[in-house]
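Take a look at this one; I'll ask things after.
Lettered A, B, C and D in written order, each chain numbered from 1.
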Amino acid sequence: MTEVWGLISGPVAHAVAYGFLLIGAFFFISGTLGVLRFPDIYTRLHAITKADTLGLGFIVLGLCLISGSARTSLLMIGVWVLVMASGATACQLLARYEQDDTDRERRDDR
Amino acid sequence: MTDVQLFVGLGLLLWLLGLHAVMTHRHTIHRLIAINVSGSGVFLVMVSLASRGEGVDPVMQALVVTGLVVAVCATAFALRLGSARQQSHDEAESPS
Amino acid sequence: MSGFITVMGLIMVIVLTVLLLALLASLVRVVRGPTRADRLLSVQMMSTVGTGILLLMAHYGQQPALIDAALIIALLAAVINAALVQLLRAPRHD
Amino acid sequence: MTADGFFDALLAMLIVSLACGALYSRSLYRAVVFFIALGLSLALVWARLSAPDLALAEAAIGAGLTGVLLLSALKHQAAEPLRPMRPSFQLLMAVLTGVTFLLVLTTVWSMPAGMAQVGQLALNSVNDSGVEHPITAVLLNFRAWDTLLELLVVVLALLGVRQLKLPNDRLPVAWPLLLAWSKLLAPLSLLLGVYLLWRGADAPGGAFQAGALIGSGLLMLKLVGLAPTTPWSHWGIRLLVLLGSFTFLLVAMATDVFGAGWLTYPPGWNKALILLIEVAATASIALSLAMLAGSDHRELNQ
């Protein structure tokens, strides 16, 4: 058991953790590019709620490995689950709102 | 320039931008947003001044926590006042 | 060992900078729109990125309370989306 | 330039552009979205300035409640054209504010470093206050007067709204997805609020943050039509709104009559009294904020 703990908190694990942080940053970059470049709201919603949530997941994973404390890790994973759920729901809600809005007369966006 | 100076400057800038916007806008909601922005500027100045020394000044921060709640209550009241005014305006205009 | 630590610090700074730039980029969506949902999408994006920044800062600055702040931001971004949908939806003509 | 300085500069740039967007957008809706985003980013600034209490409060109030408030105000606004003032007037104001900026900036920058005496005093005497977290100690012990008056301000705002003639409008029927989501979100905000209140004794958190959070959960239930009505005419509602101020006043009077003086807690009792006041204040703040933002004509003007 102590060996496992040594591996988790050792320098190798830290290197892996920082690798996760970089992967997370990569996903955030791709999500941002998606938001800037995609042609319509539905694809942009897709970019935000998938790529960015995944990026946050990697960052949480990396930080959990670095911190090594169970309480902090649990809280951070809770944050991630919440962001995931809220991202998925917000995606649906905004897309439906948009459809509802387009179905009626095209209202100008004051 | 230290970080405290940067944030004090930022707070003052927000305060004055808000003040300028309060004076140059006419719409109720726009003005309320402007007042809130300048309020945030004041909070920013207070909090950055609170983190000048070795530790963090708890009195300043507690004042700002109080200020945030008071600000949101005042904003809520003012927005309600604005929409009530709008409603009575509409009723006066409509012929019924 | 000290070299190792500065590499870690560098990675932390790079990730934080990427996230802040993402935050700045989301402003483009608020300005360009074109629809209301598009503009609110950027709030959703800012909350996701902002939670990331807060979590990193909680670790970087040794302030565990910032994790709670991240939790609250994640929760309230959802409330704002719901409020938009309920409040600004065209009322049904019945 | 150090890494921290770079980060700060980016953050400052973000805040300034958000503020400019919120203040000078032509479209009202855009200004509101910018303002919500400003609230979110200010939470990051508070985090950077090592004020986690404020980050919590700003996240709950600046990002959540104010956003819902502004969106609901937007609903009532007619598409009123934004008539700007004359350019000459705007220029004059810009010059005036610019001069003020320079004057105040030079004054503030030359202020001596170090903490004000009262802050040092508060930090030194935290141990006598009954709670470990200095900001909670200031709010509920050293400067409890301020907090008492603040609770009264919340009640006053609600009373003020009651005097207005509120529009009587119906929200559309919520989508099933939204209903299910808010059934999940509201208990979660209650749970998180209680957690913040509990942590307030020895870590950042406390009655205001908890109250604002629970209030937004309640507000969300109100928006989708799941919350029971909270009519002002019901005595229970009035009691709950006034509970925080009443408890606080009762404690203040009791300490004045039987103890050492107005709001000077007897030793040994302070932790219990602070907790009592905090729980009552949280309930009052939550209900008052939700009613301030979400109650309509039927609930407030009988």
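As a convention for this text, contacts are C-beta pairs under 8 Å (C-beta built on N, C-alpha and C of every residue); 3 or more make two chains touch, one makes a residue touch a chain.
Predicted model, so just to flag it, every value in this text is computed and none were measured.
**Student:** Centre to centre, using CA atoms, which chain is the farthest one from subunit A?
**Tutor:** Result for the farthest chain: B.
**Student:** Centre to centre, by mean C-alpha position, how many angstrom separate subunit A and subunit C?
**Tutor:** 10
**Student:** How big is the gap, in whole Å, between where the Cα atoms of subunit A centre and where those of subunit B centre?
**Tutor:** Each chain reduced to its C-alpha mean, subunit A and subunit B end up 31 Å apart.
**Student:** Measure off the straight-line distance from the CA centroid of subunit C to the CA centroid of subunit D, and report it in whole Å.
**Tutor:** Centre-to-centre distance between subunit C and subunit D: 20 Å.
**Student:** In whole angstrom, how far does the Cα centroid of subunit A sit from the Cα centroid of subunit D?
**Tutor:** 28
**Student:** Can you list the residues of subunit A that touch 2 or more other chains?
**Tutor:** 82, 85, 89, 93, 96, 109
**Student:** Counting only residues that touch at least 2 other chains, which ones in subunit D make the list?
**Tutor:** Residues 28-29, 50, 53, 72, 74, 175, 178, 181, 188, 209 of subunit D each touch two or more of the other chains.
**Student:** Hey, what residues on subunit B touch two or more of the other chains?
**Tutor:** Correct list: empty.
**Student:** What's the complete list of touching chain pairs for this entry?
**Tutor:** Taking the chains two at a time, the touching pairs are A-C, A-D, B-D, C-D.
**Student:** For the complex, give me every residue of subunit D touching subunit B.
**Tutor:** 4-5, 8-9, 12, 15-16, 19-20, 22-24, 28, 31-32, 35, 38, 42, 45-46, 49-51, 53-54, 57-58, 61-62, 65-66, 69-70, 72-74, 76-78, 80, 82-85, 89-90, 93-94, 97-98, 100-101, 104-105, 108-109, 111, 113-116, 118-119, 122-123, 134-135, 137-139, 142-143, 146-147, 150, 153-154, 157, 160-161, 164-167, 206, 208-209, 212, 285, 288-289, 292-293
**Student:** In the complex formed with subunit D, which residues of subunit C make contact?
**Tutor:** Going by the criterion above, the answer is residues 9, 13, 16-17, 20-21, 23-24, 26-27, 30-31, 33, 36, 39-40, 42-43, 46-47, 50, 53-54, 57-58, 61, 63-66, 68-69, 71-73, 75-80, 82-92.
**Student:** Quick check: in the complex, which residue numbers of subunit C touch subunit A?
**Tutor:** Touch list, subunit C to subunit A: 4, 7-8, 11-12, 14-15, 18-19, 21-22, 25-26, 28-29, 33-42, 44-45, 47-49, 51-52, 55-56, 59, 64, 67-68, 70-71, 74-75, 77-78, 81-82, 84-85, 88-90.
**Student:** Help me check something: in the complex, which residues belonging to subunit A touch subunit C?
**Tutor:** That would be residues 11, 14, 18, 21-22, 24-25, 28-29, 31-32, 35-36, 41, 44-45, 48-49, 52-53, 55-56, 59-60, 63, 66-67, 72, 75-76, 78-79, 82-83, 85-87, 89-90, 93-98, 100-101, 104, 107, 109 of subunit A.
**Student:** For the complex, give me every residue of subunit B touching subunit D.
**Tutor:** That would be residues 3, 5-10, 12-14, 16-21, 23-30, 33-34, 36-37, 40, 43-45, 47-66, 68-70, 72-77, 79-84, 86-88, 90 of subunit B.
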